[in-house]
Structures are given as C-alpha cells and as structure tokens.
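Read from first to last, the chains carry the letters A, B, C and D; within each, the first residue is number 1.
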C-alpha cells in the first residue's frame, strides 16, 4: 500500500540521511537538499491525490482527511518553494528536515484516531515549528521562538494532563470509543484538551502568543503557522468533537461563544494596529473564529462549512503572508508605508489585496464561499441572532481590511512604472508562487 | 434571441483588458476605450431590445447551486436601460475630471458598470450578490482613490453602511437557499410560497434593511452626504444614478415579487416611514449650501418617493417607481454632471459664492434649468410620470402620502434658489473669464435630455417593457 | 488499593503546583520544571488509570508521554541556552519587543 | 383637430433658435397669428358643438391614462381670446423689447402662449395640469427674464414657488378624484359627482380652490403677482390679462360644480371680497404704475371669483374677457410711458412731463373701463357679475366700486396732471395694439348680446348697479379733487389715512415669515443630519479609542500570555461546571 504519509516519512528519513552524509558525499550546495525536500513534498502530494492517506491503527482518517491533507501538502509545497526562493533558508542546515517533520506532524494530526497519537502528532508539529520559527538566528526570531515555545509547552502540558484525565475517565483514548460524559475528571479532561488545542488554533483567550509570534517570525514561517499549523489545531478539534466525544447543546453554546469572542476580539484589536503584519496576524486569528463557528454548530452542514472555511482561510493566509514577505524585505512595515507597495511588486500587491478580500469575504474569492457556507450553516441551525451579531462584527473588520486596502493606494498611477525597482530573478520566482496561490484562491471554489 | 446576455459581461471585460493593455502600449486615451466598450454594450442592448435576449447558464458549484445564469426577468429592461446608458453618457460629458487620465479609475468604472448591469440580469442569487459586491468595491475604490476632501473616511463610511446592507442581503439569500434549496431565481419564484412565514419575515426584514441602506432612505442614509460629496463626480453619478437603483430593484424583486403579502402587511408603517423620509430629505436638502450635497439629498428625496411607491404595493405605484427610478437616474446624473462642469469652471460648489454665471454660460444654464424642471416633475418630462403614478397608486393605499407633495414644494424652493444664486444675478467679478461648455459636454447633456423627454412623452416605452407584476 | 479519587486529587494537586510555579516564576528553568510537574501528574494519571482499569495501553501512553516531556524539555533548555547566550538572562519576561 | 390650435405656438418655440435674432419675433408672431386664425376658424365652425377628443397616453394596471381635449363654446372662445391678446402682446413686444436679447424672449413667450392655449382646450384634468405646470414654468422664465438683476430672478422664483403650492394642491385633487372615479376626464368626473363621498368632495374643493387662488393671485397667495412686475411689461400684460391669472379663474369656472356640491362657494366669495378689499387699499398707496395695475388685476380676479362664488360662470368669463382687454391696454400704456420716461413711478412720470402724451386717451378709456363706467364694456361685465349677489355682497361691491374708481383715477390724475410735456415714444408696434384694444374696450358692451349666444349670461340692472355707478363716479370725483386739484376734504383725507394704515400692514410678511421659517427649518434639519452623520463617525472613533486602549492587554510578555491561558482554562472549567 503506497500512500502519501509513507512517501513523506521515507522522504524524511532520506533527507536526514542525506543531511548526515553531506560531508561524506561532498554535497556542498544547498540546492540539492532543497530540491530533494521539494521533490519529497511534491511526490507526497501526488501520491496523496492518486492513492490517498494511510489508514493504520491510531492513524486512520475521517471523511475530510483526504481533502485536508491534500491542501496541506499543496500549501507546504508552495510555502517551501517560497522559502527556498526567498533564500532565507541558506543559513540553516536543518530547515528542510524541520519543515518536512512539521508537515508530517500536521498530516498525522489530521489522520490520528486516538487522543494520544494526536498529541504525539501535535508534539511533532510543535517541536518542528519551534525550529522553523528560530531557523534564522536573529533576535526577533529568538523572541518569537521564546514566546512560542514557552506558551506552547504550557499548552502541551495542559493537553497531556487533559488526555490523562480523559483516559482516567473513560479507560480508552480511541476516538471510536470515547463516552462517559458524566464523570467529572473526564469532563475536566475534555476541557483541558480543548484548551490545549485552542492554543494551536489561536482561539481567544488562548491566542495571545499568536500576534507576537506571527509578527516576529519570518513571514514565510508565519504563513506556515497561520495556515498549516492552525489547520492542524482546528482539524483536531473537529475530529474530537465530531467523531469522538458526544456533545451536548451546552458545548455548542460554549463553542459558539468562544468563536464569537475570538472573532470580535481579534477584529477589535486589529483595527488600531499600525503595523501591516500585525493586522494580518489578527485577521488570521479572526478566521479561526469563523471556522470554529461551523464546528460549534455540530451539524453536518457546519462540519462541511468549517472544513471548507479552514481551507479557504489557509490559502488566503498563506497568500497574504507570503505576498507580504515581498514587501517586508523592502522595509514596508507600517501602514503609512503601504503606498510604496505598488512600486515593489504588482503581483505581490495583488496577492495582498486579493488575500485581504478573501479574508474579508468578498466574492468571488474563496473566502466568500467559505463565509457563505458558514452563514448558511448558522442559519440552518436557526441562530439568526448570531448571524446578525456577526454582521456587526464584520462591519468592524471592514475598517481595517479596506483601510489597509485603500492605504496600499494601488490606484496611485500605474504611470510611476519608471520608478519601479528592478526585480531579481528570485523576486520573479516568488511572484510566480504568489500568483499560483492567487489562482488557487479562485480555483478553490470548486471544492465548495 | 440574437443577443446573448453574456455579452454584457464579455464586452466590458474586453474593455477592461484593453485598458490594461493600453497602459503598456499607450496607443489611445483610457477614456476612449471606456467609451467605446460602453457604446458597444449600449448597441448590444439596443439590438437585444429589438431582437430579444438569450439567456445564459453555466453551473459552477453544484453543492451550492451556484450557477452563473443570466436571464431577463419582468423587471430587468428598464434597469438595464438606465445602467447601460447613464454611466456612458456621464463619462462622455464629464471630461474635466482629475481622475480621467487614470487607468485604474477607468477599470473600476468599467467594473462597476458591468456588474451593475449583471446584477439586474442575474438569474442566480449568488452571482447577483457577487456582482453586487463588485459594484460596492469598485465604488469604494473610486471614492477612496479619486475622491477629494475626506475621501478615505467617506469611502470607509460608505463601505461600512453598504457592507452591512450586503451582509443582510446575503443573510436573506442564505435563508432562501436553506428553505428552497436553490439560489436560482426561477426556482425561487416557484417555491417562495413554501417558505415558512416566520422565515419569510426575516428574509423580508433583511431585504428591507438592504434596500433602505442602498437607496438610501431616511434612517439609514448617513453614508450618503459624505460619500456623494467626496466621490469624484463620475463616482457620484454612478452612486446616485445606478447604485441607488440596485436597492429599489432588490426591494421590488423580493418585496413585491416574492413576498407580496408581507410587504402588504407592512405597507402602512413603511409608507409612514417613506413620508417621513421624503419630508426629512427635502428639508435637509433645502438647508444645504453646497450644490453637490444639495443634489445628493435631493437624490435621496426622490429615492424616498420611489420607496413610497414600492411599499404601497399598488401596481400603478410600483410602475411609477420604476419609471421614476429610470428617469431620476438620467436627471440626477445630468445634474451632477452639470455641477461638475460648473465646478471645473468656477471652482466652487458653494451655491452662495457664485452668481450670474448665465451671462457666460447660457447653454449650461439652459440645460440646468431644463433638468431642474425635469426633476421638479414638470409634465412632459420623465419625472412627472413617475411621480404621478406613484401618487395615484399609493393614495388609494394610504391617503396621507399626498403629504409628501410638501416635499416637492420644498424641492421647488431650493432648486430654484440654487438656480437663482448660481446662474442669475450679477456676474461675479472673478468669473469674467469662464467659457461655456464644450460641444462634447453639450452632446452628453443633450443625450440625457433626449431620454428625459422620451420617457416623459412616451412612458409606455418603459411600462411596456416590463411585465405587470 | 488506593482509591482512584485519591490519585486524582494527588495529580490535581500536582497540576496546581505546576500551574502555580508557572505563574509565579519568570525564570525559564523554573517554568520548564513546573511543566514537567504537570506532565508527571499526567503520567501518574495514566499509570494509575491503567492499573485501575486494567488497560495495559495506559502504561504505554504513560511512557509515550514521558518521552514527549523529555523532548520538550530538551528543546526548551536548548532555547534557554540560546537565550542566555544572546541576552544574558533566562527571564522570559525580558523578551517583549513585539507587543500591542 | 382642435390640437392644431396649439401647434403653431409650439412649433414657433422650437423654430426660434434656428432663426437669426432679428427675425425671431416674426416667427413668434406668425405662430400666434396662425393660432388665432385656427382658433377663430374653430370657433366659427364649431360654434355650439361639443367635441371631445382623447388620446391614451399610457395604460397602467388596467386603467388608461387618457389625455383629452374638448371643443365647446367656452374653450374655443377662450382660445380665441388668448391668441388674440397674445398676438397684441407680441406685437407690442416688438416695440418694447427692441433692445433686449430677443430669441429667448420670443421662444419663452411662444411657449407660454402654447401652454395657455393647451390649458383652455383640455378636458382631461391631467392634460389641464400639464399645461398648468407649463404656464408656471414659462411664467417663471418670463418674469425672471432679466436674470442679471437681483429682483426679477427673485420674483420669478417667488412666482413659481407660490403657484406651485397651487400646483401641488391641484395634483392632489386630481389624484383624489382619479382614485374616486377612475378617470381624468373632467366631463366624466362632473357626471359622476354623486359617487364621491362628501368628505372627499370637501377636501377636493379646498384643494381646487387653493390651486385656483394661487394661480389667480388671491389672498393669501397674491404677493408673487406684485413682485412679478419686475418682469418685462409685455410679460406682465400677458400674464395679467388673459393668461396666467385667468387660468386660475378658468379652473374655478371648470370645477365649479365640484365646489358647489361640496358647499364651498362661500369660501370663494369670502376670499374674493377679502382680496378685492386688500387689493384696492394697497393700490391706493402704490406709486409704481405697474404695481397699481397688478393690484387691480388682483381685484379683477377677485371679481371673477365673486361671480364664480355665486355660481355665475357666464359673468365670470365675460368679465375675464373684458378684463383681459382693458388690462392689457393699461399695461401697454404703462410700457409706453416707462420707455418714454424711464420709470414706472407715477410721480416721476408726472414730473418728467406726460401732459400731452398720445396714450392719454387710451389710458383714460382703460381706466374708465376699469372703473366700470358706461359705455365701456366693463360696465356691462359688472352688471353680469353682480347678478347672483345677495344684499351684503351688493353693498360690499358698491364700496369696492368706489375704491376701484378712486385708485384707478388717482393713478390717472397723478400721471397726466403734469404741467410739462415731453414727446412720448411713437411706434406703429405700440399704437396699433393700444388703439385696437382701446377700441374694443370702448365698444365692447355690444359683446354682451353676443355673449348670450356663447354662454348663458344673466345680468341685472337694479338699484345696486346704479349705486355702484354712483360710487364709481364719486370715486373719480374724489380722485379729481385730491390728485388733480389737490384740495383734500377732511373725510377724504381720513379715508386715505385709513388706506395708508391698511397698506402699511404687510400681509405678505406672513408669507415671508413662513418662507423664511421653512428655509430655516431646512437648515435645522440639515444641521441635524450633519450631527447624525457625525455621530456615526464618533461612534466609530470611540470604538477605535477603546480598541487602542485594549491593545495594552497584549503586553509582549509571554508569561502573561500563559496567565491568560490559565485564566481562560479556569473560566472554561467553571463555565462547564456551572452549565453541567
């Protein structure tokens, strides 16, 4: 049985071996290593498409796993090729392995069918992403790593403690046989598990690390964190609450509350930010809230909406952070600098704009269809008030989405083309990657 | 059936492509491209009017029933008429705008133009919503990039308000989908009765909020003065002449065609709201010192009349509303265009700071006074038909609608006052050197006047073009 | 046989101690130690639950959790070393350039 | 086709821009003359017949909206009268407007004539309203013809705004009637009056009376008429004789059955008396020649309404006819004098020497006609309007006759009592219309006989007629004493003082205050709207402020983030426990 995970893990092994034997094999150029990693990812992606995911004890997927792992692999191919093109990886030896491990972890989270195996997968993802955050050894990355790691280990501890309580309560960790809701340690355990996973999914109030880390990390890594890593967290929550633990109306209310608070709080804080990346970070957080709404409804529609929404915002988040990377290196940090964006890269600007539009839910981007599905599932469950509350919250979000959009001032005369900066081949490659993501922003509609 | 409706999408898109290409080749001015592609669209419309339109349907997303389908329904034709011609004539006659040389501006203008047409012919709610949003977005950028004054803030305010309206619209659409399983308008017409009443009330209220914001009608009009004032003139023309009609269209489509019984039940309170709105707007307009904001409020005043006509649910009043929308579209567009021509020459919108312009600009004065009379509902010109039918229709529903005639009276006062202050009187010493409008501008204004007279004399053209609701 | 509740109380107390440690200390080393305490509480839970419920898998889970704790500790410590080398401190509150 | 009467005038309007400036008057006069010939022909051919023609304008909701014209004695007579007077006015204009920009003037005049002709032949109330509005619009343009001066443009605006009150009332009335009987045709409406409930009928009549009064410049709408004197004199002549103000009276004549069945005739009579008294007193104090004539127009229109109020339409129409003739005559006279002496101020005209002007005799005829002295035709008209009067009305009318003669001859004596003499302008275009109209005024009494064939006219020659005559003679005598011989008796002086006091009380101030308060209210609403708009911005701003404050939560310290995680965890636990 051939499947993407096997390919990926075999690839990881191969990469480790090649890395170790580099000296002996006289592979001096990074090029080969990156190419190998990319080949592994692409091979895994193709295998995923044609052969699907693995299905073994502890790791057997649910109905959506195929789709989610597919787009996770797609995004990781894109992000990795961007990192490679960016050249930021040149200083780091183990970036390729870390990246592969992180992707593998994320895929395992999606597939896992047991709480502890899920925890192990998350651990794998987390530890690899600590490394990714600190793969360039600069001060700001150190800060990002310290913050991320400190908060993350605490959440991991809580998660593990919660899992242990769940085990104590039910005697099993397999998703197929979790029940016994009335046992207090079990319930507490579930709460701890939620906390641990909510940390990864950046739900308020467990999101506080996210803006800082997102901002301080390299943008490509932020793209990874905000799309792949967050997807893993949300999918884990979906898996647990849709397929394992019997849910009640109470949990639904609780989750919807968390989701609304998340959306509101992040949008509220995003409006006054003056650094572009921080706005993007907060908006990325708010997206998790939307996806969580679909989850909190606990309906089949909600599940579908949630999965599609995760897909939509993952693509958009990856797009805007990668596209923003093009500008960050030119020193465009603050909103007031945004009008220079046009002269750096038109495609990058288009990426940021379309990504923002998608996050804001403007048709015909994929984000619109995501929101459409979310709204539909809300209304399908009869929560008109939540919808109206969302409308008002969304109005708030228009402030910064469109404020930023008009700040970019992309209409300020194409005639200034003379002043455009000359582009390196590297820039071209990066633009092409952004372009691919832009296309997928529209093409993704077919999955709705 | 010789003309397929997809042409309304394709031709403007070709125009946009040409604009983008032209940005690199610089072979002609952007305006020419815009005008040519808009003209082709207009020709397409005229040919289609004679030979009939063919529908278009492509299913895009099965699960969401999202298909890109274009059909003409019983309402479309008058609205296509206005959305095809008004922006075209406006761009022809406005040739001193500072935004003129910008490719981006023309792209957005074309986008707004195209999507407004598509909204009126969309047979699928999602594609309707899609293009609805594109108009909003294009206008947002037109205001925020090319406006003057507090353009960024106004654009934001405009967006916040209309975006709320869009969201409620989306909410309504989703509710419709949940209960009928389809986003298709035709299916919707067939199955609208199967929607439970409480849900249809919710849908109706959502649609009402959308329409109130979009038209805009009194309590939700707060974005109007800022947006109209800050937008570049072509943007203002588009806002007042086309965007506001989207609200009327959606209200007729949903309120009247889908849920007539609900609208009927709410008729009296909504009529009272409409009357208040009309009177309020009339007085608010009469207190303005800036020509552009006066025209903005006056535009809202007429949309209030349209609102009265629609919510009265009487057939004649709704017919009147449609006619008034079409006619108001032409009239207010030309008035805004003229205020822009005036502004480009005398440099102020302030009514009280100019005077005696007629001496130097008799032609402009002629057109301005003509359009003022048209807007005041002088018979033989288009507004009269609409107003008459609205009042005839709504009077039988709620006699007190005649109170809104007071609004027309106030309108007479402030319009004539502005004419008097700007055009009559002694020529301001600083205005000695201004010249009259150019031939192109005269041509544009004549086109506007042509439509105003045409509809005024033969309202059956419009009445005949849409089916009895 | 010790009652299961007592074990739960014990682990809860351990958890609370860990939480207290994390909250009260600024030093990275203290924090990782507190985290280890929490994880150990989890391990105790697993182990006792395994024996109490006759689920041998619990023991396996306990070992797995221990291994994960080790990984975390290793990564955390190495980062603390990096931190102290660069900033001369392991006080986590000291890194706070990005905020707002 | 009755419609052809209108065509020459509108075609002239459209053609004038194509011609050279110097020839525009030819187009206009030709058009009006053609209209006169056509209407005269129709009058002759269609005498005594009633022909209705209709044209479906549009069909909505199953109802046809029909525009229809009617040709009967009344409409054809009116059409002939209108085109005749208009022709005279146009001819006079070639004298008066020689130096002015001509194209616009003649185009607007032709349009005005077109509108008035259309008005008189319409049967459908909707068509009537159409032309009614056209009249308003063209009067606005004509009154404000001298746009570069402040006063005429203000007067034009005032005229339109005030008459538009009536327009809106008329529109409302038409809509109410249409809703009641589903037709616009006046003849059908009058046939179905019994269907309409009385309350509706009352409202409709009040609206119709408002409409008629505002167009006919009756109290309380009269101020626009006085201000309208800022327009060119031919315009005043046209507006004040057979056309615009007469349209108001004509409306009242047409809808009299409605007013009657609602029992509102008293309203018409009452306001008629009030207006005529006010007008007479105000005219007594006025120095501006044209304004004196304007007041007299008000008064004459009031007479028509008196006749209408007593259900005497024949009298009203007959008086309309006589008034049209002598009033345009007087306006021509004032125009000639003004052009010659450069002023309308009667004292200044006097001081500049008007003793031997050629207009002396025509104006005497005009003033005698105004004062209803036999054999001038106004006398006969007075006989016919008083036909239906009761005792009190008769007494009132005697008083008014006195006042009329007094103010008329006050003007006459002041103007022509000059001891100097300067040549007055002479022009065929001036004295041709003046003499024709003077001749008609002089011998017009015989029309009374003719009128009996045209419309049923009753007249009365009794004590009160003689009393009125005596009063008028007294008035003339008093004017002679006061303003020619300049020896005031005490009683006369007192009367004059009284008029002074009445005149000093500015009725139009009420209107002015109302207008100002409306404008002021508009400013208040605008300001309110501004505040409302700003309050939204302020809301947004305060949210921004809050949000910028809450940024501090994100303090950059990872440990506090951990605290937040614990807080969230405890909160979740508590919530779950509570909810369980």
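Simple rule for what comes next: a residue touches a chain if its C-beta (ideal position, glycine included) is under 8 Å from a C-beta of that chain, and two chains touch if they have at least 3 such contacts.
The shown structure was predicted, so the numbers you read here are calculated from the model rather than taken from an experiment.
Enquirer: Report the chain closest to the protein's overall CA mean, measuring from each chain's own CA mean.
Expert: B
Enquirer: Considering only mean CA positions as chain centres, point out the chain farthest from subunit B.
Expert: Of all the other chains, the one whose centre lies farthest from subunit B is C.
Enquirer: Between A-B and A-C, name the chain pair that shares the greater number of C-beta pairs in contact.
Expert: Top pair by contacting C-beta pairs is A-C.
Enquirer: Can you give the whole-Å distance between the Cα centres of subunit A and subunit B?
Expert: One centre to the other, that is 42 Å.
Enquirer: Please work out the Cα centroid separation of subunit A and subunit C, and write it as a whole number of Å.
Expert: 26
Enquirer: Which integer distance in Å separates the CA centroid of subunit A from that of subunit D?
Expert: Roughly 77 Å separates the two chain centres.
Enquirer: Can you give the whole-Å distance between the Cα centres of subunit B and subunit C?
Expert: Chain centroid spacing, subunit B to subunit C, equals 65 Å.
Enquirer: Could you pull out the residues of subunit C that touch at least 2 other chains?
Expert: Within subunit C, residues 22, 31, 92, 95-100 contact more than one other chain.
Enquirer: Of all the residues in subunit D, which ones touch at least 2 other chains?
Expert: 540, 551, 554, 556, 558-559, 562
Enquirer: Which positions in subunit B are in touch with at least two other chains?
Expert: Residues 160 of subunit B touch two or more partner chains.
Enquirer: All pairs of touching chains, please: list them by chain label.
Expert: All touching pairs, sorted by chain label, are A-B, A-C, A-D, B-D, C-D.
Enquirer: Hey, which residues of subunit D end up touching subunit A in the complex?
Expert: My answer: residues 540, 543-544, 546-548, 550-551, 553-554, 556, 558-562, 564-565, 567-569, 571-573, 575-576, 579-580.
Enquirer: Within their complex, state which residues of subunit C touch subunit A.
Expert: Subunit C reaches subunit A through residues 4, 8, 11, 15, 18, 22, 28, 31-32, 35, 38-39, 41-46, 48-49, 52-53, 55, 57-58, 61, 64-65, 68-69, 71-72, 75-76, 79, 82-83, 86-87, 92, 95-100.
Enquirer: Provide the residue numbers of subunit B that touch subunit A in the complex, in ascending order.
Expert: The touching residues are 23, 60-61, 63-64, 66, 102-105, 108, 126, 129-130, 133-134, 137, 140-141, 144-146, 152, 155-156, 159-160, 163-164, 167-168, 170-171, 174-175, 177-178, 202.
Enquirer: Provide the residue numbers of subunit C that touch subunit D in the complex, in ascending order.
Expert: 19, 22-23, 26, 31, 92-93, 95-100
Enquirer: Using the touch rule from the top, collect the residues of subunit D that touch subunit B in their complex.
Expert: Residue list for subunit D touching subunit B: 57-61, 63, 126, 129-130, 133-134, 137, 140-141, 144, 147-150, 153-154, 156-157, 160-161, 164-165, 168, 171-172, 175-176, 178-179, 515, 518-519, 521-530, 532-533, 536-537, 540.
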